[in-house]
Amino acid sequence: MNLEDWYRQDRLPHIYCAGCGNGTILNCTLRAVEELDYKKEETTFISGIGCSSRAAGYTSSDSLHTTHGRALAFATGLKLVKPRQHVIVFTGDGDCSAIGGNHFIHACRRNIDITVICMNNNIYGMTGGQGSPCTPYGAISTTTPYGMQEQPFDLCKVAEAAGANYVARWTSFHVKELTEAIRVGLETPGLSFIEVMTQCPTSFGSKNKMRQVTQMLDMFRDNAVLKAKADRDAAKGILPSPEKFVVGQFVRRNNPPLGVEAAK
Amino acid sequence: MNLEDWYRQDRLPHIYCAGCGNGTILNCTLRAVEELDYKKEETTFISGIGCSSRAAGYTSSDSLHTTHGRALAFATGLKLVKPRQHVIVFTGDGDCSAIGGNHFIHACRRNIDITVICMNNNIYGMTGGQGSPCTPYGAISTTTPYGMQEQPFDLCKVAEAAGANYVARWTSFHVKELTEAIRVGLETPGLSFIEVMTQCPTSFGSKNKMRQVTQMLDMFRDNAVLKAKADRDAAKGILPSPEKFVVGQFVRRNNPPLGVEAAK
Amino acid sequence: MKSEIRFSGLGGQGIITAAVILGRAAALYGGKHVVQTQSYGPEARGGASASAVIISDDPIYYPKVTDPDVYAIMSQEAYNKYGSHVKNDAVMLLDPGYVTSRPACRFFEVPATAEAKSQLGKTVFANVIMLGGILEATGIVSYDALEHAVLDSVPKGTEENNKRALAIGQELVRSQL
Amino acid sequence: MKSEIRFSGLGGQGIITAAVILGRAAALYGGKHVVQTQSYGPEARGGASASAVIISDDPIYYPKVTDPDVYAIMSQEAYNKYGSHVKNDAVMLLDPGYVTSRPACRFFEVPATAEAKSQLGKTVFANVIMLGGILEATGIVSYDALEHAVLDSVPKGTEENNKRALAIGQELVRSQL
Amino acid sequence: MKLVVNERRCKGCNMCTKVCPYGIFQEGKRPGSRGYIIPVLDHPERCTNCRLQKLYGRQLCGMCQMICPDQAISWIDEKPFEPQKVVIEY
Amino acid sequence: MKLVVNERRCKGCNMCTKVCPYGIFQEGKRPGSRGYIIPVLDHPERCTNCRLQKLYGRQLCGMCQMICPDQAISWIDEKPFEPQKVVIEY
Amino acid sequence: MTDKTDFLNGNVACAEGALAAGCRFFAGYPITPSTEVAERMALRLPKVGGVFIQMEDELASAAAIIGGSWAGARTMTATSGPGFSLMMENIGYATFTETPIVIVNVQRGGPSTGQPTMAAQGDMLQCRYGSHGDYSVIALSPSSVQEMYDLTVKAFNLADRFRTPVFLMTDETIGHMREKITLHSNVEIIPRRELKEGELPCAPDENGVPGFGTFGMGHNVHITGLTHNEKGYPATDSAEIHEKLVRRQVRKIEDFRNEIADVDIVNPDAELVFISYGAPTRTVRQLLNDNPDTYGHLNLRIVWPFPDESLLAFKNAKAFIIPEMNLGQIAKEVRQHTNIPIVVVPKLGGALHTPAELLKAVEVAKTVKKPVTEVRL
Amino acid sequence: MTDKTDFLNGNVACAEGALAAGCRFFAGYPITPSTEVAERMALRLPKVGGVFIQMEDELASAAAIIGGSWAGARTMTATSGPGFSLMMENIGYATFTETPIVIVNVQRGGPSTGQPTMAAQGDMLQCRYGSHGDYSVIALSPSSVQEMYDLTVKAFNLADRFRTPVFLMTDETIGHMREKITLHSNVEIIPRRELKEGELPCAPDENGVPGFGTFGMGHNVHITGLTHNEKGYPATDSAEIHEKLVRRQVRKIEDFRNEIADVDIVNPDAELVFISYGAPTRTVRQLLNDNPDTYGHLNLRIVWPFPDESLLAFKNAKAFIIPEMNLGQIAKEVRQHTNIPIVVVPKLGGALHTPAELLKAVEVAKTVKKPVTEVRL
């Protein structure tokens, strides 16, 4: 199978706005799946609700577009019944960490053999741009008109503390690295969590001084600090400036997973 | 006011089984409150559902016994409306981290100025001894008759990763240290999370070779490793044996809190 | 023929297990129609515990016990709740180690807890001692049926002690007949 | 008197804002009864956008537009959906930069996007240019009312450009009258 | 001050017996009126708190009280000369 | 191999213009049939992938395709001699 | 201060009504088509000394406004179908703890995620029966932007008067449509009755409603979702206390169903009578306007408790015609109070009934005999 | 293998019925008084190659069994009121995606946390209307331990046949009581119909039910809770597709309401007729046994869809007497299908109606005239 076969052709073009990063992440995911030579009948995509979660509707194998925030709970049931399936969950920052936060930490704790791709655009795109638990401090959204006053989650930290076997962060700009991370995530037994910083030009960029899509890509390129560099800096006592964020692989470990065929 | 005044006298004796650690934790909490000289009308206790959560019914100031897992969400509303209230949440391992996991991580993220006391007996006591997300690997419960097959949460790690300003763990054996931790937690702005390992002789001990209440107390005394010692060991590369657990203060920091009078 | 038996006492005394064993004996090994029910206090463990069994030759529709013929009472609190207004022709077995009151009806003192501890080393056999007593006092099921049901229900390795417990209960009542 | 006006185009063209401004003008500064409604595509952003305004001297009960008198159409897709079966006595304004078809009814070509870009430097003024065109083509509200409503609704600092946009729209239509 | 165990609250868990540095609390033998076995006090006049609370004007030690999950332990304003009468009825 | 932009999918976001090492993608000027401004290709015959895909038997570079959020970029089995005809209608 | 007029959509009007009613705490979670209520509150509350918070989900939103209510504030949330479903447990808690809160449901097409941007009235029975156990609710249904404002104010007053959650069951049509509206400088506010000294926190007054023991006022109340006695203490094994408590809570509302009825009765002598609420009321009014004195109309602004006595006003009724944007939910309730034939006119998919469609229903109604007849449009 | 007899409580019997029906995945969250169902499944499933998982909450439990169902297993969860309330959103999802699942609700005293250890039937209308939007459900109600087993088996068959969630609406009385039970060595299994090659995943067959595209079988289906066309693809702005879909899903059940009716009709010529389901059926039967040939009885084993034609069997009925452990929830449904007077006999607080109490209701029924009369016990 080639890449194009992994798209549900009769549903393209998709509904994403021009320049939305979700399409790029979908590319990287399907590329990784294709590289691993998965078969359609053993590959399942599951998602919640949100622009990001619509991704599951554009993949050509079985896919379950569930309720807001609950994708991982649906996926857990499906995976336990059919441990041979490769289960990939698409989710958004809101879907995963707002309403879905509990299923997120429990899937990590159980370390269930699922790969979670969280398209983090720092906003609720689908409903028109409200703040999310990942909206940066001070950022403007329709529900934080005076700037976000709460601290955002570091989703990778939470995933690691909760128990996931594989945790990484990249951006929609880092297509090669992202593809590679997804591939490694898929190959790692247990829960793999891949956070992808992505642009929502419609609801985030427009309100936060990045009217051009390409400005957001530049921002990702400029502010992403490789983990190795961040670690070196930290060792030297250099504090990262607030607009920077770390990308790379945070954990890859071998804790006992749930829902792998052998373990059954 | 003295300690006894903080109990709702006309509801004692409470419903806890003989030897249940919850009563001890209640003592420590009320002692801390009394030491800080709080006034009843500025002190509110809130809880979810579970044996642990019944604690709010035995305190003599205003108390809200809510729905299972949601205490922190109720508390958030109350605190934001009346930031002057000292809000103390009693919760159990199930209430806090199973059904309530999402509110838990979000309360930590928002760093709302509430003190959370989680009575962790590693089990669902109220419903008769089912496994909880804190049931140790391999332990027997009515829903893990062949031994728990999932990894447990490290609640303190999760609280820290999610953003709480103060995080500590003690046990129902360490009454002095616990009282002190609660006092410090109450004085620290932002979310304070105090996990208390406690004995449920009825549902946990009886199934896990600790029929005598006092055996469980001994176990806490013997297996608790002070954080300082654990850190020293770790530095030396000494791995903790699996039955040990670390007690002490894990974080005390000064991130911006939500719901403090000044911030309003 | 229809009999109603109520077991009551403290949580942890094996009250419900006793009722289930009796019900099982009558239903599976005695060919009777049986309904066993129980009542709970508040959601939490501990506190009072009560269970009832109806044993009948005919189908049982209404499943709740209204006016028991036989009582087995193992705590004073339970006595206060259930034992204080028994009908005159009822039979009561009570553990004198826990119950200080005595009823107007025919009754037997079965110091089940004390005897379990002293003769079998563990108080957990108290409920089966009570069952032995009920057997002797009422003949409501056959010995074989009851023994069968006891052995179905108890952990492996405790069979002999449980049989002895039955016998102890029978003997305790027999001596008062 | 009752008029129905439908605005349609792509998301991002300010279709709904235009409708709201017109409604506001008629309701608050024109003393009319007004209902403005809009229709959505799927939940997500982008795609088609449409909004309708009913302006009437009498109370409006049924709030949905059935057969508009005036159309402002800013994309070919919108034309296909709404503009292809207009009644003969309707008036249509269309942006020829996006719409290639032409209706059977009276119509005006208002190259709002292009003019906004070329004369005002930004395409965001296209919708107000359309409003100026509607004003000129229909006189459905007074200029003052419309200007008032425009100024109520636009960001500070853009007042002058918006007034110019109104004028541009008026002029574009006037030249075709 | 005199150390007392409130028999209407005590559930006989014996946690107090684990913590008193003087071993004042000893496992009881017989059930009290609520069916729980109440601990007995061994020379309670030795209790730090009984002896020194008045002197220091504040509570000392208090380990037994803090750990008692049933709020059954307290001190009353009375000299602890004679061993505490824990009423053990049968 | 010939680089093509599928106009029925492209939404004119210009992300492709950011990533091509050869600057083959250039911002377009005029809206296509769906109203989006399609990028234009500047000497696409320079594209690594166009040139070497056949040779290596696998895809090379492909940055533009991977980043294109609308799955609009692909290669067809044709010589890329003439510049790509992106049909720009008005 | 004088009244102000504005041109707003229903959702924004609802937020403004809440502010006018003194609502100072809003906790919500975005969902189409209700989000503008939250967005307006986010913009306005900080300016009037109130607090807006976006919670992690709808369960938390409902919880937070209950917590906020016990802290003494008038509190509100807004949602739509999926979020409403998630609130069911805490709605039961609010009912059983007699907590005044206002919940706005801007209804969209269901079940499930359904049609997020399309109007519907599919949650009317869920509003009545969606939480476990027996209870009663108060639910209002506006049919104009002005009513969005006015009924929101009323919702707060009813919530405080009856100490119960009050629902504003509106729909996408009304929520997203803009009309001229008068924002009153002064609205009537009927505050909750504070617990009196010596009064038990869960003992009813003559209206069946206990005094409210606001937290932090020294009442030292204990509030629980367990069955509780008049002190507020758990009573989990008393059949008597349970039955008494549940029945009182139902009666405190149902006994007043006709007293608080908020209806329009038009042409009570008519033989063919429309019953409607919310958006379909607009079409019915159009029909009545176009054909004066022909049809009767019962318009419900309060839907729950159902004002059954209003049906009796139509002495000559031969049929009740009930257009709803669902499969006939309120028609089921009407049927329970009358033997007069009912013509159900369901419409799904988001569009409002047209006047022509209602005329079709009129034709059916003229000859109808069966107790319940459905018109397929 | 031969049938086995055992002496079990209703909850355990339910678990055994599920296993007999081939249920191989159970996801649950403990709650009194349903927990024994989960505990039994935890003990037994691993022995038969199935999987038990305790989820983080009831929302997740419902989600997991839906996921498991799409993986091809027969799946179940069990809960009580508060947990049931939390499942409402995902129940709507299961309905709308036509996912066969079985949900057991062992009812306890509500609203809210209420009386966790006391029996009730307070969630019957919630079962019918608790999720948003219009839909229909199938709900069974056993009145003995044997029926707990048998109806659980039936629930799975109905779920697969109708591709819909099926509810076992039982209560603490039946769940916790022990009776003799026959565990069948062989139970009838009517499996779901697999999607055929070339068939569209959401296009109905002659019964209105689409073929089931089990995941991993190469169907490559897309399943969504959005309104969807016959391909299964989102169609969020088509009124036509929405109306067609919702109506088909309602009709596929309602059209069969009398066909799948599972009732006992006793003494159809009687004038006073009891209608009951679940635990109160036991008392009614006692009364019928004590007074043969005196009263009629309609016992409902399937409550939803309500088998309205069964009412017609009672040709001489002067009154229907309906004892329920709630404030008269099914009585409301009965009223919608008949003009014969109804005597509602509500009982709250956990205790079952006694035969004497039903006799009191009989006295009331003898002279009753009003459409609905409530007996206060």
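Points worth noting:
We call the chains A, B, C, D, E, F, G and H, going by the order they appear; numbering starts again at 1 in every chain.
Definition applied: a contact is a pair of C-beta atoms (placed from the backbone, for glycine too) under 8 Å apart; a residue touches a chain by one contact, two chains touch by 3 or more.
Since this is a predicted model, take the numbers as computed values, not measurements.
Number of steps on the shortest path from chain A to chain H, with steps defined by chain touch: 1. Under the touch definition stated at the top, chain B and chain F share these contacting partners: A. Here the largest set of C-beta contact pairs joins the chains G-H. Our note on geometry: chain C versus chain F, Cα centroid distance of 85 Å, whole angstroms. Remark: chain A and chain F have CA centroids separated by 27 Å (rounded to whole angstrom). Distance from the chain A centre to the chain G centre is 39 Å, each centre being the mean of its Cα atoms.
Multi-chain contact residues of chain C (touching two or more other chains): 39-43.
For chain A, residues touching at least two other chains, in rising order: 16-18, 49, 67, 98-99, 101-102, 106, 126-128, 133.
On chain F, the positions that touch chain D within their shared complex are 31, 34-35. Residues 8, 10-11, 40-42, 44, 46, 49, 56-57, 60-67, 70, 73-82, 84-85, 102-103, 106, 264 of chain B are the ones touching chain G in the complex.
On the side of chain H, the complex with chain B involves touching residues 29-32, 35, 38-39, 42-43, 46, 52, 54, 56-58, 82, 112-113. Within the complex, the chain A residues that touch chain F are 4, 7, 12-14, 16-24, 26-28, 31, 172-173, 175-176, 179, 201, 213-214, 217-218.
By the touch rule above, chain G contacts chain B in their complex via residues 24-25, 27, 51, 53, 55-57, 59-61, 63-73, 75, 89-90, 93, 213, 215-226, 231, 233-234.
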